[in-house]
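Each structure below appears as structure tokens.
Shared chain: chain A. Partners: chain B in the first complex, chain C in the second.
Showing the complex of A and B:
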């Protein structure tokens, strides 16, 4: 059963980079372009890991994270913030909401994989029959 | 309260973004983009209690297309249309704005940033709001010049 990873970011670029990073692993990457869609996808897909941006239209990442933690069905899903928002106060505030990890943009593919590997036991994609 | 060193911040942030994401090693240059250059510009607003401004990152069109092609190389289903190029340019601006925002916060100026918007074209100029200090920083990226234009007002 492949892992499910949800990438929530308003940038198509970032969602594509997340997909590329995991294309050689036994993972299915789902996408959402704002917090509202991300929350719906989290409820529908029950992903094993969420990469979450902060600054997004419609619903930002902090609001989505807060709502996710209020929902008993999905509050246990590990969330890694993937955001250009750094700064000590910002990180400290978000850490209190219960994120598993924090990766500040800019980033390399290997950093995404390394952060995900702390949560998931990533395996190479099986060779197709 | 410490003083925000804009030049030092820009000289740290811009190379960090381009080197990490693209393995491009930009050199600071006194040159800017020639007026009339065909460009793709990303714009992000920054605002807080004591800091207000706009961050413009002007990519010559060819550099924007090169950067987008390089960044999205190997991405499944990546077709390089104007929308994809705009998104890459916007995301580069977002990362640069995030770095500047973090440096502002380090010296006590908390602020938020907006999602990026894109303007394409040539021969346009941007007039600053009254009271804004305008700074330009050129970076040579291969044969192209990337121009970072910052309009900033800090009240302290």
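Showing the complex of A and C:
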């Protein structure tokens, strides 16, 4: 059963980068372009890991994280923040909400995989029959 | 001494706050102090002092030609916001170099001066508001967009004919530069939030001013890319 990874970011570029990073692994990457869609996708798909941006229209990442942690069905899903926000006060506030890890943009594919590997036991994608 | 916030950042493997941001913090904290006190902080930084004196003596051919030779004199002439703008240069330049190297594998160099763009070019702008107000603008030639798209995502030039994709690629780079710079401002005691990126094509190369603030242009080059970054900031804008 492949892992499910949810990428929540308003930037198509970032969502494409996340998808590309995991293309060789046994993962299915789902996408959402704001916190509201991200929350709905988290409830629907029950992903194994969420990469979450902060600054997004409609619902920002901090609000989505707060709502996710309030929902007993999905509050255990590990969240890794993927954002250009690295101000110490904001990082400390988000850490208290309960995130597994934090990756500051700009980033390399390898960093994304390394952070995900701390949460998931990533396996190469099986060769197609 | 590192704070609890620094410890959390370290636990996540985030980079330490640059020394230049600590200096900026001290300058912001002392802004209500006297010009002498502020001048002492500026004088502790040789590069900052040199830039400020040069700016305060715009007609001078070299430093032997300066009419204003002290930091206090220069601050009286230019205002303290100019010194703060120059102090913000290092965090901004770091953000630009890191973003282009990490995301595109492009190693940019800073230049003291460069030839202005004569043709229509891409202008990506991200504003910020809060304790400090301003904007970061990235300017590069239109022909650079396919290079950036290919480097970042392996996109073909035809993919970037869709303005939504091209704008998103450019906008995300602007976001990363502005986001890192903004985080440094927050760490220095000027909390602010970013606005969404705006991408346009323009023939207007003029450095834009900001009411009550100061503006500065920073040219960058690599064999693949010519880039200008404009910073306009009002550190007392909040």
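Here is the rule we go by: the second predicted complex is superposed on the first by the 129 of 129 C-alpha atoms of A that agree within 3 Å, B and C clash if a C-alpha of one lies under 4 Å from a C-alpha of the other, contacts with A are read in each partner's own complex, and residues count from 1 in each chain.
Definition applied: contacts are C-beta pairs under 8 Å (C-beta built on N, C-alpha and C of every residue); 3 or more make two chains touch, one makes a residue touch a chain.
Computed from a prediction, not measured in an experiment: that's the story for all the values here.
Novice: Following the overlay on chain A, give me a clash-or-fit verdict for chain B and chain C.
Specialist: clash
Novice: Determine, under the contact definition given at the top, whether A:102 touches first (chain B), second (chain C), both, or neither.
Specialist: Second partner only, chain C.
Novice: Kindly classify A:11 by the partners it touches after superposition: chain B alone (first), chain C alone (second), both, or neither?
Specialist: Both chain B and chain C are touched by A:11.
Novice: Look at A:89 in the shared chain and tell me whether it touches chain B only, chain C only, both, or neither; answer first, second, both or neither.
Specialist: Both partners, chain B and chain C.
Novice: Have a look at where A:63 lands relative to chain B and chain C in the superposition and call it first, second, both or neither.
Specialist: In the superposition, A:63 touches no partner, neither chain B nor chain C.
Novice: Kindly classify A:23 by the partners it touches after superposition: chain B alone (first), chain C alone (second), both, or neither?
Specialist: First partner only, chain B.
Novice: Considering only the contact definition stated at the top, list the common interface residues of chain A for chain B and chain C.
Specialist: 11-14, 16-17, 20, 55, 57, 83-90, 104-108
Novice: Please name which positions on chain C make contact with chain A in the complex.
Specialist: 3-6, 8-9, 11-15, 17, 98-99, 102-103, 152-154, 164-165, 168-169, 171-172, 175-176, 178-180, 182-183, 186-187, 191, 193-194, 196
Novice: In their shared complex, at which residues does chain B touch chain A?
Specialist: The contact residues of chain B facing chain A are 16-17, 20-21, 71-72, 74-78, 83-84, 87-88, 90-91, 94-95, 97-99, 101-102, 105-106, 110, 112-115.
Novice: Please name which positions on chain A make contact with chain B in the complex.
Specialist: Residue positions touching the partner: 10-14, 16-17, 19-20, 23, 55-57, 83-90, 104-108.
Novice: Where on chain A does chain C make contact in their complex?
Specialist: Residues of chain A touching chain C: 11-14, 16-17, 20, 55, 57, 83-92, 95, 101-102, 104-108.
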